[in-house]
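The chains carry the letters A, B, C, D and E, assigned in the order they are written, with residues numbered from 1 in each.
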């Protein structure tokens, strides 16, 4: 187990280990996505309260949760990079930020689109939505900081510090916004009673949910592989790889 | 070309110089000398027209510089303490803008100039990735681009290595030989074959006192 | 005192130096030489602990510098490209803070140091009202205040006039004679009576290539 | 010889190109004002407890004040690096007419910072529950107003570029000068929400823009000459 | 010999003294944040058409958001000149503990910029028709909140000090991190206006201050080491 983790920490091993894994992950994610979408959009019955609009939930819930998970992953990688100076951790942190930001943005957009039929408006200043918006800002800040540095290395360290500070703040932000919201009168709380949903609605959600999360990891791995090749472009093994590819063409 | 009459300047109630008169003609090379704080930078900035807190007159081809400003600026190349190189841009982009400010474009000459200064492979690398001396060299590449006859340079040898220094000396020499004029400051002892006029601000102050 | 083994550093995929090993002991004066862009500043910043992007080890009294950081910093005086002089404050205020950062206060010594450098009347004048060379002198006044045995200096002669240069040379010489150690870079040819070790980065690169 | 004369147009084009190159070589120049705009606007609902109606009422003011701050802060860097590295001296000593070069510089800066603000403003209207009738006048007002604000802010930047700590001083100089643009700009939205005719306010905003665009470069030039001193 | 050892306390005292000398030698450091605060707050009534009642409702939010911006912008210069002139390298290479020096530096900065904001805030409450019950909690909240904001802003400043165009980037980094302080700070006024007990909110604000005061210097130190690189 430790051996395996240690190996993952080396860009070259990461690259080689994921080479075989990528097609599988792609296949499984796409399969889950297609089944979930076809089932969810084509066969699941309309909800008795919300009609068809609920179907956006198939994308909304997993992207929303993916965005939050991505920030935790980002911060963990940042900490590993700061403490042990693990290159691979920085690579994952770097590629994780835009993917996570994208998921967060998708969560916000799908949520807003759902909000229109549900609350009659695209946006309300409600605790979860607000803290989620701030999460997007934190992602953007980390990305902006990294981009602002000319030197790759300084940029990555600076972004790491910010990601760690940011993750310490996430729970604080969540509680502050929640508290701020309690004196508010809100049009509608985000219902979370999934148990009330019939299985015909619920099971496709499981499919799309795992598919969206699988796609998250796929994006992170693919981008990491690109980044590895770029950063190690002068290393012998990358040169060899390149020659082999060229020979194949 | 440039005539200075009775130039005086004081800063914070201390007279830096007074009654400084000099004439710089075609083919002349003038070094302004003086200890730290004697006012060399101040003189050069006054001559270039960047500082207007002085008494006396500075004239270009017989007319006060302020009256023939455009004409004077066309004839002037000024190199200050700062290299005038944007650190985000590449040497090529920096030098292109310099050319444009003087109304022409000439990429071939830019590449040649960079090559002469030992920066052949650096044309497209952002300047912040260069050492102090390399940035200075980019700045000096302008000497090969400008057609101005009058050069005013404040400590142009800063940050250059020995080879850089002797190359620049040769460049300055050549300019004077070709009928240009150069006014510069440096704490380094100039090795030029050409006529060198030295103006010593310390001596001047002694005299006055 | 300071031992460097197999130091290597690359920037933007260009190896600046590799396998650089050197030892600086008490009484030694070492000059790092090289053309513009050869990596002198980079070496000094690595030795001072300001740059950690390198391979190899830097050790102080036999232990890696990072492990004995406080002890090492107590023994180090670093003078970078920038003078570390706040332009709004006066020389006195600037130097007082320097002393405080090293755990002592000594106004008498500050005044003496300024006087030695020809800045007798300037102790209470804001530094922005001084010329380039005068500011540099304020910065150099710290040499008389520090008790650190190891001095690392990046182009300390910049902006000084001739008298300033020879005084500084004498100061450095004296420090080495008294058992200190000095590592410096300069494009100027040093006139010291003391043992001078020259490390040439260009030659080093040639060898490797 | 490979040298070719390029005239005033070519020279101004080169300045425009340089500014755009600078902007695109550090994407933060373009993205940061936008992010500031969005983040700062969303602070207001967090700071107070307001019903959607109340939010809608203060929306034009909040959006305009924040846009003003964003434009102003983004202008802070307009002459900063040129001043620090000596390029500004070169510009002042160039035989080319300074007036037009300054106009082009501010224009280039507006293209990469001000214009994106205008484009994204409807999103902020949405966040602040701006009533539907407010969007068109918000866009129009910002389109006319932000270039004028850029010109005004550039005067402040030019005056403060020689100073070490300029951020807040800049604000103190620029904000009072910008009040007319702010009042008419935010007023345009209010006028529309109240169903009144817009042409008068639009004309005033246009006039302010022309005024700022022609007079400000003179002030900027004078200020820069003082600053390099 | 005239040299006398001064220990950690004396050394920190010297840092405090240096910062205060810097502030008093350029009065802009103290006055500009104040002026920004006043001017920016008074822009809001100009930007929208609001009844006195409406103004009073948005007053806490506007005052707090503006105070946050003022603190943040004033922090921009905290390490700037030290970075440019090499003093920062000297601080990092000093054998003294960095943690406490950074704490003192931020504290000194708050004393000359944050504290005056707190003192002047009732005046702005008056301008915005803040109801009488709001003044005491506004003062108390700002007194606890602005030092915490200074600490948070200093992290951003330290991260961006090596960068040329930092103003807006700083805002993008710092504003989201400051939201908890803003929410509880402005919330304190609202709580008071609604006649609810304050002790809970005050306790949270105090906790945020302690947290920021102890953890931020660590992040600031790490960030500075990266920046001088």
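By definition in this document, a contact is a pair of C-beta atoms (placed from the backbone, for glycine too) under 8 Å apart; a residue touches a chain by one contact, two chains touch by 3 or more.
Note that the structure is predicted; figures quoted are calculated from it, not measured.
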{"item": "Mutual neighbours - chains that touch subunit B and subunit E alike", "value": "A, C, D"}
{"item": "Highest C-beta pair count, chain pair", "value": "D-E"}
{"item": "Most remote chain, CA-based centroid, reference being subunit B", "value": "A"}
{"item": "Distance-maximising chain from subunit C - centres being C-alpha averages", "value": "A"}
{"item": "Interchain centroid distance [CA atoms averaged], subunit B/subunit D, Å", "value": "36"}
{"item": "Cα-centroid distance, subunit A relative to subunit C, in whole angstrom", "value": "48"}
{"item": "Centroid distance [mean C-alpha coordinates] between subunit C and subunit B, Å", "value": "30"}
{"item": "Chain centre separation in whole Å, for subunit B relative to subunit A (CA means)", "value": "56"}
{"item": "Shared-contact residues (touching 2 or more other chains) in subunit D", "value": "26, 28, 32, 35, 39, 45-46, 49, 81, 164"}
{"item": "Where subunit C touches two or more other chains at once, by residue number", "value": "53, 81, 87-88"}
{"item": "Touching two or more other chains - residues of subunit A", "value": "137, 140-141, 144, 148, 153, 177, 180, 183"}
{"item": "Interchain contacts, given as pairs of chains that touch", "value": "A-B, A-D, A-E, B-C, B-D, C-E, D-E"}
{"item": "Subunit C residues touching subunit B - in the complex, by the definition given at the top", "value": "11-12, 34-39, 41, 81, 129-134, 136-137, 155, 158-165, 187-188"}
{"item": "Sites on subunit A touched by subunit E in the complex", "value": "82, 134, 137-138, 140-141, 144-145, 148-149, 151, 153-154, 157-158, 161-162, 164-166, 168-169, 172-173, 175-177, 179-180, 183"}
{"item": "Contact set on subunit D toward subunit B in their complex", "value": "1-7, 10-11, 13-15, 18, 21-22, 25-26, 81-82, 84-87, 89-96, 228-229"}
{"item": "Subunit D residues within the subunit A interface of the complex", "value": "26-28, 31-32, 35, 38-39, 42, 45-46, 49, 51-52, 55, 126-127, 129"}
{"item": "Contacting residues of subunit B [partner subunit D, same complex]", "value": "48-53, 70, 73-74, 76, 78, 80-89, 93, 96-109, 126"}
